[in-house]
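Each chain carries a letter (A, B, C and D) given by its place in the written order, and its residues are counted from 1.
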Amino acid sequence: MRKMRVALEIEIPSDVHEIERVVELVQKECRQLKIEPEKCSLNVPVALTEALSNAILRGNREDASKYVRVRASVSKAGDMLVVDVTDEGAGFDLPASTLNCTTPENLEREDGRGLYLMQCLVDRVEQFVDGGNTVRLTVQRG
Amino acid sequence: MRKMRVALEIEIPSDVHEIERVVELVQKECRQLKIEPEKCSLNVPVALTEALSNAILRGNREDASKYVRVRASVSKAGDMLVVDVTDEGAGFDLPASTLNCTTPENLEREDGRGLYLMQCLVDRVEQFVDGGNTVRLTVQRG
Amino acid sequence: MSFTIRKQGEIVVVDVEGQLIVGNRQELKQKVLDELEKGEKRFLIDFSQTGYIDSSGLGVLVSLSKKIREQGGELRLANLNDDLKTLFELTKLDTLFQISDSRERALESF
Amino acid sequence: MSFTIRKQGEIVVVDVEGQLIVGNRQELKQKVLDELEKGEKRFLIDFSQTGYIDSSGLGVLVSLSKKIREQGGELRLANLNDDLKTLFELTKLDTLFQISDSRERALESF
């Protein structure tokens, strides 16, 4: 018989100042799920901050009437934390938009490090459109 | 601009021994939402326990392959806690099933107090079928 | 959650620690019925360490009370906190049980 | 989250308390540019009280470093914890900045 599963759902207006509180709630969830300390303090918060700021600035273009939804849950098998960030935008091409920001010509750019960092920090990054554009971050537990 | 909204979603197998842990999680949520202490310690836990045991015993008939889903959220206006308990049963007629257990002929019955207590303890009890049978408990904040 | 049963004089005293709900009420019922079968007649359930009780917990108290009375015995309750008092009032079960504010008073009342 | 700016000798020292992210990076940028405009040339950002930094926070550091160099000045960093070191390594920004393990060493290094 499968065990109890808990998911946290958070909805915020398109305002970058809301990001920190969302990250705090998901961080708390990470710690309760006994995910490695470094993933709780660095990988998840930074990857989620990137996904949220892209959703607010790129997906919703800071339109105050649009919302961003975050859903943090554990996979059915119980071995993964899955965080979905959904905006009201039309979606984008994840592989084509991911820049290698470590090459000499990109190193001194001010922007373009978000998707790259997400890829580095979590085990899987996926993007799909399904009633809104969703970026899914998957992190191995333990 | 609307504020951040948080919802908690919990899924459990049809086993009455799972009830207490679910109630604890929702109680914690109640306290974080600064709902009155008495509602956190009595009204919400008891009403939710009733809804869960009905969902497990009546709705899902303790079928181990069936699940119960609980979703606790705050209303859009921010003034209500809304708890939905969804089972995989066909639903039932809430008003017709609610017994007045305080009449002399009912007072010494062993069963039949669940729906009555739910009605007494929360501000609104609703029942609807929408991809599963849902009982919705609504509690005024503060 | 756990139930502790001990004899104090002629009285069987049960402490309910935690919640008395659908998941554990059978355990309480069985423990009390076992004592009843052994010939015990006077029962006191003390709720000073109880969180909340659901309808099936209340149902077990009603059915135990009936069974004990049928054997010429009696079930009394003690130490309901404000939450539990509300619950007994809502269901009018405060009219069915003799309820004491302290264990001592309950023990003396038999 | 807050930024504290103070002068130590010829060096402008900035403490970043909390996160350096999209919601507050403009504030850091403006504070440092104001000092640059006043003629300051040597800048040290101390991260001993910083939680995490996001890509836009890193972007602000890169752009400040460039602007300060254009004015003939220099930006150095100090006290990156293990998490922040990882972040600078992943983005290879550890090759772009001079990073010290302590504030004292950083101040002496100018």
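Going forward, a contact is a pair of C-beta atoms (placed from the backbone, for glycine too) under 8 Å apart; a residue touches a chain by one contact, two chains touch by 3 or more.
Computed from a predicted model, the values in this text were never measured in an experiment.
Counting steps between touching chains, the shortest path from chain B to chain D takes 2. If each chain is reduced to the centroid of its CA atoms, chain C and chain D end up 67 Å from each other. The centroid of the Cα atoms in chain B and the matching centroid in chain C are 26 Å apart.
Chain centres here are Cα averages; for chain A and chain C they lie 52 Å apart. Shared interface positions of chain D, defined as residues touching 2 or more other chains, are absent.
Under the touch rule stated earlier, the contacting chain pairs are A-B, A-D, B-C.
Interface residues of chain B, counted against chain C in their complex, comprise 16-17, 19-20, 38, 41-42, 45-46, 49-50, 53, 57, 101-102, 107-114, 116-117, 120-121. Against chain B, in their complex, chain A makes its touches with residues 1-13, 15, 18, 21-22, 25, 64, 67, 73. Those residues of chain C lying in contact with chain B across their complex are 1, 19, 21-23, 51-56, 58-60, 62-63, 66, 82-83, 86-87, 90-93, 95-96.
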